[in-house]
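What follows is subunit A paired twice: with subunit B in the first complex and subunit C in the second.
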Partner chain A sequence: MDQILLQILNGLDKGSAYALIALGLTLIFGTLGVVNFAHGALFMIGAFCAVTLQKILNLSSVVLDPTKTDFLGNPAKVKTPYVETWFGHDMGAALIDWSVPLAILFSIPIMILIGFIMERGLIKHFYHRPHADQILVTFGLAIVLQEIIKQFFGANPIPTGAPDAFKGSFDFGVYMGFDPNAIIYPYWRMIYFTFSLVVIGAVFAFLRFTTFGMVVRAGMADRETVGLLGINIDKRFTIMFGIAAAVAGMAGVMYAPINSPNYHMGMDFLVLSFVVVVVGGMGSLPGAVLAGFLLGILESFASMNEIKSIFPGIDQIIIYLTAIVILLVRPRGLMGKRGVMEE
Partner chain B sequence: MSNSKLTRRGLLKTGAVAGAGLAMPTLFTSNVWAGSGGYTNAPTGGKVILGFNVPQSGPYADEGGDELRAYQLAVEHLNGEGDGGMLNKFSSKALDGTGILGNKVEFVTGDTQTKSDAARASAKSMIEKDGAVMITGGSSSGVAIAVQGLCQEAGVIFMAGLTHSNDTTGKDKKANGFRHFFNAYMSAAALAPVLKDLYGADRKAYHLTADYTWGWTQEASIKQATEAMGWETVNAVKTPLATTDFSSYVAPVLNSGADVLVLNHYGGNMVNSLTAAVQFGLRDKMVNGKKFEIVVPLYSRLMAKGAGENVKGILGSTNWHWSLTDDGSKAFVKSFGTKYGFPPSQAAHTVYCQTLLYADACQRAGSHNPCAVGEALEGFTFDGLGNGATEYRAADHQCFKDVLVVRGKENPENEFDLLEVVQITPRAQVEYAPDNPMFAGGELGKCNPGA
Partner chain C sequence: MLGLNKRDTSFLLIVILLTMTTPFLMQPFAENSPLAQFNGGYPDLMAKVAIFGIFAMGFNILFGLTGYLSFGHAAFLGVGSYAAVWMFKLLTLNVLPAVILAVIMSGIFSLLIGWISLRRSGIYFSILTLAMAEMSYRLAYSVLTPLTNGETGLQVRPNDPRILDSATSANYPNLFGLELSSSYHWKVLGHDFTFNVGFYFCAVIAIIAFYISMRIFRSPFGMMLRAVKSNQQRMSYTGLDPRPYTLAAFVISGMYAGLAGGLLAAMDPLAGAERMQWTVGGEVVIMTILGGAGTLLGPVLGAGAIKYLENIFSKINDNVLDGWFSFLPDTVREYVVWFFSRFTGEGWALTLGLMFMLVVTFLPGGLVEGGKRIGALFRRKPKDDGDDAEHPPHSTPHVAE
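Entry: the complex of A and B
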């Protein structure tokens, strides 16, 4: 029982990342009709916003200390971050420590801007082209973006820690009648899960309770009619692209302490997130979220030793296996609209 | 408007011509490889071409970049440029800074992408098109084994780069292949006594293992060495190489009764699994009345950097470290550090040594013929290259030398100061018989000169 609860918890944070990326993918597909293979790259760029802010906050003045030597035997360079010089040691150190949460604020305008540039500069030219063309161009764009990141930040992962206050783990087991250490869960992963729920809730509320959201939903249902009413739906859809980019970016920022960011991390999530979208139902926002969490939990269960001993290698194929079954039984996905993917 | 008309006969003719054209490189393969000296790619025109096959893209691109820097430095030193680096400390004095056998050393590079097929293709291209007489490099055992096989077929020497699987000089060893880097068995033999001293003989270990050739041999070696000293292996779980989030593999560890986690992971896998283990608070726990410990059998400073503070206090092994104080290491660090501004990695060290060792063997043999070079390397004993007295064993082409046990440094003094040497394990302690069961199943075979 404790193992089952443990894997459900593990699946929740994995599912959070899938759900956030899939949500953005669905927003773009539902509004613009574009299959955006560069969405994983936006997640990766978000994580590198956290890396960049950490580097900015760590910019330092350098003085030579003749009492110490570097690896070549020359006087060692002693670095003092400018933020510590400007705001005092404690405040400066706290800013550096909290660089990941601060990067959320830093990333939102950057990601929206990147989203606008991507949509206006490239993707809008492919609205009326076949999906295959869209996939090719966005996949190419993803490779270009990750190579640019690699050029600037290198190929190795870059450690980007959570604030000290959130390091360590919480022992759920002792509060649920299990042995100590039976169900432990890191604080930061709990925060990531909570954060994803807040972001998902905010996106749904935005679409549900604002006039802008109502128009977007109407446009998703019938673009031509909304256009005939004199509403510039293209402009709103462009803004939605920016919002989807910001959601992916924030997901990446908060993911940075879970796995050290590297240039390839977007690709690691991209294919799985597409499967999530297909399983949830193309164009269905609740479907994307539901499928994200469902597949995250399934993936966690599949990596249990007890399961792997019966089905070796199941942890590598479970998501794809589920997708095959769902597409055979219910081609439009869990919550997809009737007719979509069924033709 | 075009007047051309596609006919069945025309299509067949065009197809035949195109097919012959495409097949041309392989039809004349043996002639391409054959050289004037009776072996593949004998040097001509006063120059000798070496092929540096390293990951220039993909997840190990930073290691590949460091390897390339070291290769370039080695070429400079062989051609008499720069400060000479380790060449000045090398016990063999056959090389004199005039290239190899009077030929100026030039090089071509290939990108392995850390994929076996891409690595073989780039090595093949360097041999067939560029005339490389020796191939060297790599940051993966899968790649090394694949390229070693190709070099054996092509009739060129392969001086392996960073490859740690027992299989490279075990069941997959080849007469044309030589490995300077240590292996999984040696890591285990060096680590086990230190683990016993620091953590005791009564421990329960849980292994997480990368599911490919290196991971398997690493796990088998560590299990054998630790069980021999009294440890119990509670569980050994294979993790897919593509795994990025190890939480579902790490979470069950504490509840398994284990009090040590052995991470048979390298590169990005190691960074991510170690990060997950620290996030789950494993290092802060007490299990079986003992402090929970994590062990990373194969360390790389470049990778340790990716794990940040998580490596502090964690034991592992490494082939070489820039903080060593022997004359050879100091000369290499000075030469590399002055040129590039940071200390070399173990990958840089091993490929630099391999280039020098190849050149020296050619010089002593008086030929680039792979069979003559192989003969010069087999049983060759040397010193001054940073690991103490070293021997290239004739039976399996594995270098035997001291092995470093290292630990993540608690209070680093600078950004490169990530690991501290806990013990230099003498060669005798990590040596094994050529017929050790862990290395069984393959034959060196005969050297292949190609032509």
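Entry: the complex of A and C
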């Protein structure tokens, strides 16, 4: 029992990332009808927002301190981050420590801006082109974004730590009435999961309970009629693209402490999140979220030693295998709507 | 000749001529001239152009004719490589059996994958092939290690059985004793032309592959494939089932990919799982689109252009750029060199991505369409062309939805 719970928990953090990316992909697909192969790159850029903010906060003034000497006997260089000189030592240190959560605030405007530029500058011109062209041009864009990041940040993963308060693990099992040390779970993963639930909830609430969201939902159902009612639906869809980009970016920011950001993490997640979208059903938001968590959990179950000993290698391919089976057996996906992208 | 009409025969002859003279064409500059860095006449590069030309030609039979966009062709390339290296290990280092087995194995593999993924079309097909390729790649890395040697890659070792080879026979891939890596240098007028056995072997196979793809393009079968692309529904209303045709196209293109994989292994007897990664499949997509999908020569041109430019761009480093911009004042030059070095050397992939985006956006027909447009600029227009401004002729979209 505790094993099962452990695997479910282990699957949640990856599942959250899948769900967030797939949610953004589905938002873009549902509103604009564009298959965005560059969405993984947006996730990656989000992660690098965290890296950038950490670097900015760590910018330091270097002062020679004659009272201390290094091992050669020269005066030691003392690095003081500017934030510490500006806000005092404690406050500055706390800011640096909390750089990843702070990066969320930093990333939202950046990601929305990138989303706007992408939609207005490039994708706008592809609405009336075949889906294959949309795939190809966003695939090209993904390569370009990834290479730009590689040029500025190098090819190596950059470790980006969580705040000290959330480093390490806690004994989750005790709270649930299991034996101590049966289920040890890292704090940050719990936070990632909670965060993703909040973001997903916020997106759904936004679509459900605001006038703006209502218009967008109406536009998803019948774009032309909404346009005929005198509503500038294109503008709202552009904003939705920005929101989708921001969701992917935030997913990336928070993922940075789990997996050190590197330039190809976007491509790695892209394939998987597409698979997630297809399993959930093209154009279905709840489907994307459900499939994201399901596949994440499935993946972690498949990596159990007991299962690996029966089907060697199953942990590597379980997601793809599931997707293939679902596509063949239930082409619409788990919660796909009738008539959306059915050939 | 050979079942082709007059125009196609001359087209084929031109292609043969161009292929056979590649060592001259890709080595236009003298050895000591400052432009020598633009020479591409190395056996390795020329053979790669031929091999990836074959790969792209095969992909074009599927994507160009039927409009099915597959991202999973790297898997067949990988299967071909593994099959060829196993043949080297078990039977003989002669390349012929290896290449033949590579084609057969990839054919079987693509039949299996095509049978499954062709049940769906459009974006679902793309994602299915993507998932299949990624799955094969992961399996090749993990469980199939006894077959693929995992991360190290499959290599030819001295203690392999090689039952057909005698103790005295060559230790490198050869064609009936003629080593593929051996080449003949012809130095004339300061030029250094290299004639490599491996390249000519690949080139001959590439020509045969080109001939076959030409026959397919001109055949009733090719017409059926075009019908699949333009309107599948109408095709089934006329009582024709599109699936056997698309499956056949898929298998043929898979075999082309396997052939390319086998040749890659023949040039360098090593097969690794990274050849199966989906980004390699993405590369062949880029090649085909860049050259011109649905045209005969386009994919080969695209493969050649990308492999050549990759080689050239990767060689341009800061020093070379400094030399080029030496006429600028120092402060300006620093920035100019910094800017251009983003796109050269390590930054080649960035250039490729930008180039690809531009082509998809502005030139959906690729290099071939670009050539045609430029040609049309210089040709005098006949008067009754119907080419008036109000009703421009619609260009057919190069892919089906």
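We take it that the second predicted complex is superposed on the first by the 320 of 343 C-alpha atoms of A that agree within 3 Å, B and C clash if a C-alpha of one lies under 4 Å from a C-alpha of the other, contacts with A are read in each partner's own complex, and residues count from 1 in each chain.
Criterion: a residue touches a chain if its C-beta (ideal position, glycine included) is under 8 Å from a C-beta of that chain, and two chains touch if they have at least 3 such contacts.
In this text the structure is predicted, and so the values were computed from the model without any measurement.
In the superposition on chain A, A:179 contacts subunit B only, with no contact to subunit C. Contacts of A:329 after superposition: neither subunit B nor subunit C is touched. Contact with subunit B, but none with subunit C, is seen for A:159 once the two complexes are overlaid on the shared chain.
Contact with both subunit B and subunit C is seen for A:316 once the two complexes are overlaid on the shared chain.
Looking at the shared chain after the overlay, A:188 reaches subunit B, while subunit C stays out of its contact range.
Shared-chain residue A:140: touches subunit C; no touch with subunit B. Within the superposed three-chain model, A:275 lies in touch with subunit C and out of touch with subunit B [touch as defined at top].
Across the two superposed structures, the residue set of subunit A contacted by subunit B and also by subunit C is 150, 316. Within the complex formed with subunit A, the subunit C residues making contact are 67, 69, 116, 119-124, 126-128, 130-132, 134-135, 138-139, 141-144, 278-279, 282, 285-286, 289, 342, 346-347, 349-350, 352-354, 356-357, 360-361, 364, 397, 399-401. Of all residues in subunit A, those touching subunit B in their complex are 2-3, 6-7, 9-11, 13-14, 68, 70-72, 76-77, 150, 154-159, 161, 167-169, 179, 181-182, 184-186, 188-189, 258-260, 262, 264-265, 268, 299-300, 303-305, 308, 315-316. Every residue of subunit B that touches subunit A in the complex is listed here, in rising order: 57-62, 235, 237, 240, 242, 244-245, 247-249, 251-252, 254-255, 268, 271-272, 275, 279-281, 284-285, 287, 302-303, 305-310, 322-323, 333-334, 337-338, 342-343, 413-414, 416-417.
Residues 35, 122, 125, 129-133, 135-137, 139-144, 146-148, 150-151, 267, 271, 274-275, 278, 282, 312-313, 316-317, 320-321, 323-324, 327-328, 331, 341, 343 of subunit A touch subunit C in their complex.
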